[in-house]
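What follows is a set of notes on a single structure, which appears directly below.
Per-chain numbering from 1; labels A, B, C and D assigned in written order.
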Amino acid sequence: MTTFAQLTHDQRAHLTGSEEAGGVWCLTTDPRKVRALLEGLRPAFDYPEDLTCIDTGGELRVFCRLWSTAQRQAVHVSLTIPRSRGHLPTASDLWRGYEWQEREVFDLFGVQFDGHPDLRRILTWEGFPGHPLLKDFVVDNDDSSWEIPEQTDQEIIDLLSRE
Amino acid sequence: MDALRNLAHIIWYFIAAHEVLRSFVVAVCSLVFMLVIVLIAIWMERKVSADIQNRIGPIRTGGLLGFVLQSMADALKLLLKEDLRPAGADKWPFVVAPYLVFVPAFLVYLILPFSATWVPQDLKIGILFYSAVSAVPALGIAMAGWSSNNKWSLLGGLRAAAQLISYELPLGLAILAVVLLYGTLEMKGIVAAQWQHWWMDLITLPALLIFLVAGMAEVSRAPFDLPEAESELVAGFNTEYSGMRFATFFLAEFSASFFISALAVTLFVGGWSLWGVDIWFAQHVLHMDPSTWNLAAPASIPFIMKAFWFFVFLAKSFVVLWILMWLKWTMPRLRIDQVLNFGWKILLPAALLNLLLVSGIGAVLPRLSKPLTATQDVAPIHIDDSVGLAPVAQTPPPLPPLRDDVPAPGTP
Amino acid sequence: MPLRDFRIPEFDAPEVQLPTGELAHETTIVSMGPQHPSTHGVLRLMLKLDGESVLQVVPVIGYLHRGTEKIAEKRSYAMIVPYTDRLDYISSMYMNLGYVRAVEGLLGIEAPPRARVIRTILGELQRIASHLVWLGTFGLDLGAWTAFIYCFRERELILDLFEQICGARLTYNAIRIGGIVADLPAGWEDGLRAYLTAQEQGLRDYEGLLTGNPVFRARIEGIGVISAADALNWGLSGPSLRGSGSTFDLRKDDPYECYGEVDFHVATADSGDCLGRYEVRIQEMHESLSIIRQLLPRLQEPGEVQTKVPRVLKPPAGEFYAHVEAPRGIFGVYVVSDGSANPVRVRFRSPSFANLSALNTMCAGMKLADVVAILGSIDIVLGEVDR
Amino acid sequence: MGVTGDQIAAACDKVPGGGYILARLDDVLNWARESSQWPVTFGLACCAIEMMATGAAHYDQDRLGIIYRATPRQADLMIVSGTVTKKMAPVLRRLYEQMPEPKYVIAMGNCASGGGPYYYDSYNTVRGVDLVVPVDIYISGCPPRPEQLLDALIALGQSYKKEHALKLARG
């Protein structure tokens, strides 16, 4: 049974801040330390509940939530990265469930995950202009400009053709 | 009036005298019969499924005549539709495939004994003819799947080829058991033997089960509807077919379903006969004398009995068809490897075992297989009031002279 | 208005170099969907097949991606509730509940006791309705048509109950921030009791039709096996996870509404295959009926069903993560507020998204027909996968 | 095959009284089309669930002779049930083009009719399926009730009466 104090003590080197809010452990870190932090959390927190990103206007905050099924405890890990060309190490090898979540964050926010096995767009299509959930992505409410960019299956075909 | 009657006589003479012409007329009649049956079968399928599923089924079209009008509307509409051929399709196989499935589906109706003496084309090798013709649709389906330029079609076609050929074997062995027992390939003879010895149906009961299972697979009905498994292959081999060509497949499928039921009835359930009840009925209610009936002489049997047997045959066939539908609407679909495993590892050994069993029984009952080598040898039945149906006489009594049914030309 | 002209993308399989030599064979790439009878909407699966054997499955999603999360940034908090209805449209009540709980957490308010009882009952009814749609379509996937019709028969009764509360059959908008839309109409409880009786008979019907059916069992036993550890690692949740033996259920592990006050056990199965997932859902329907029965007496207690909330909601700056055990698994809602009337970010963590991601793992070495069965057994809804 | 409906119609017009025959023939064909409308199994979103409910025991579309076909090649109409996204639009158009003539489209629900709740602020929604395929009947509702869908199907069947079925025939 890990307690919050024990957790923060063990992980202190990888943290930039920590608090306990409403029964949830909230940890903040930075892109260079996040990998080590997650590796430390992996044994206790076995369920990858969520991974997403928030565009606060100034910068991007990547947020991930893990759950420990044994301890019935959630932990939030968040960090901030610059808006453009943000790089993060992938967590998809620690929790396979993050594989698609990271693809989604890449698709909607343009965050690159280094070491991800298959970083393709997931919800929009190959060649979609921009990353729609960024605050500066303008949605055109006018019908007249509606058009469909080319859509191809090349990436999938390449993936499947691989042995 | 006389001229008209003469004309009718001349036409009848021509038809009767010319075998080719007669065959043609018979073929057209059996085609029409098949189409009517199929219309009813499709409507029945929808009604039976609705009944099983707490629904009502088609009621809006045709009212009381819905049983033929609903399917007719479907057919007419399909006739109207654009006939598409996919861009990459292989033209000739694509065009020919539906007919390769359809033509055998109605050709086999020719050998069915609908009533005691009503056989459209009385072949001595009736069952052999069926075995030969019924193998053709597999080719048509595989062709349709191959030529459609669609991967779902291709998978459907390949599944059909594998499945249909695998189940051909147990089906043939089940039929062989019957042939062995009755010693004839002629459908008429088989039914006649069952008519005289109703208990023979009990011996062929295991063969009936094998036949029905293999038959369901042969006409790809659920749970063996893999070639057109909707939830897996969209529509399987007929994914790319539209309009009339699709309707042809559709008709052939239902026609084959009905035919399998009718064949099961003919071979295993006594065909048009009613297990002796018909004889009793004729004797005691209609006050006829069945001892004068001779299957080799059609005129010796009153028309009313033939018609009665015809309806018995239809009723039996529809009951078997209903059982097939019942199974279809309550069973999930098997997987292709399960289908093939079942066919080769369970059904085929069972069919072989059954064949062994039946041949053993056949050896014990030598007198049965002796006189029934051909219909001509079927003896008239002698009704003994105390016993009911008497066993077949060891030496058949001489046949009554055949009456010439065909009036000479010109005779009024 | 004239039709838009655009180039329809061609799906061209790669040029295949035919292998030579003895027993030469080639693999096929098949695109299954977006329009396919058993992809449950607009999912597209790219399959690499060797004959009927599946070598690889690549799900392609996003064909129903409507950008709900983007829209939510432009809407006020109360206006987002109807959008949640359309995420998992088969269990809209639960989607409402998840979002509403997140906003309530942000505001620091709680629904009145009577509203919580009703929410729990509605949630469990919704769970049954959702499992009924699943059971029906699962049957369809396996070629058993009749189960589908039977399931929809009882589902209509649930929809009638919902309709009496909020007037809608599918998209309810019934659970509101701080309570529920209105108190129960007169006679609703009697209807509920009648339904419970009918449903028990219905469950016997489906089980009679499917559970003991040898063909049905042969199709799903040992198919799509995934171990509990793998399932957790892949982020599976709900019946798809519990079918592997895990007891992870937020109704027990992190109780919300009235779940802490009722007695029920978490349905699990050990096999981890399609049959296990099937058994879990069937058991869950029985459990849900029992939960509703336990809560029925509490409907007699009168009380408010809505706390007072301001007309224009402006939650304090902050964030809140709420998660509920929706019929398909853990539905998480993450709301970030900056103190204005519109949220900065609303994130929906959808269970089907995670469940679907493990499809390739489950399908390894299976046949084409098994892919359909596995996809049916993990019970995805594209509305929430794509959002 | 070979002879098109147009040619039959033209031939009938030349015969005295042919117009009458043509009209009656049209009546019969229109009756057939009305009695046998086969939609393609094609569900997009929420409305698809109501479409399924329409086919189930409570509403039973089969009463009207409506059965679903999985392949567009054998379908007469398409019920666009749900939100059309820009990613889906080309697929939907292709599906429509795969259907044989004569073909019809029902836009079921607000999303399909005009974008519905996703009209504003959505970057991926097509604001009405009529931008992609021609629509014959619009149904409002989010989602429409099964009764509305049945009503639309009956109305579509009635509308066939205004058409010259024979001239539409391409068989």
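The rule is simple: a residue touches a chain if its C-beta (ideal position, glycine included) is under 8 Å from a C-beta of that chain, and two chains touch if they have at least 3 such contacts.
The model shown is predicted, which means the values in this text are computed figures rather than measured ones.
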Joint neighbours (chain C and chain D) are A, B
More C-beta contacts across A-C or across A-D? A-C
What's the distance between the Cα centroids of chain A and chain C, rounded to whole Å? 23
Just how far, in Å, is the C-alpha centre of chain D from the one of chain A? 43
Report the inter-chain centroid distance for chain B and chain D in whole angstrom, where each centroid is the mean of the CA atoms. 38
Between chain A and chain B, what is the separation of their C-alpha centroids in Å? 65
Which positions in chain B touch two or more other chains at once? 53-55, 230, 234
Can you tell me which residues of chain A touch two or more of the remaining chains? 124-125, 132, 137, 139, 146, 148, 151
Residues of chain D whose C-beta touches two or more other chains: 57, 70, 87, 89-90, 120-124, 131
If you go through all the chains, which pairs of them touch? A-C, A-D, B-C, B-D, C-D
Write out the stretch or stretches of chain C touching chain A in their complex. 4, 6-7, 9, 11-14, 29, 31, 46, 48, 56, 58, 60-62, 65, 67, 69-70, 105, 229-230, 232-236, 246, 248, 253-254, 320-321, 323, 330, 332, 334, 336, 344-345, 347, 349, 353-354, 356-358, 361, 386-387
In the complex, chain D touches chain B at residues 1, 5, 28-29, 31-33, 35-36, 57, 60, 62-65, 67, 69-71, 73-74, 76, 98, 100-102, 165, 168-171
Within their complex, chain D touches chain A through residues 86-87, 89-90, 119-124, 126-127, 131
In the complex formed with chain D, which residues of chain A make contact? 124-125, 132, 137, 139-141, 143, 146, 148, 151
What part of chain D is in contact with chain C in the complex they form? 40-46, 48-50, 52-53, 56-58, 70, 72, 82-83, 85, 87-91, 93-95, 97, 117-118, 120-125, 130-134, 142-143, 145
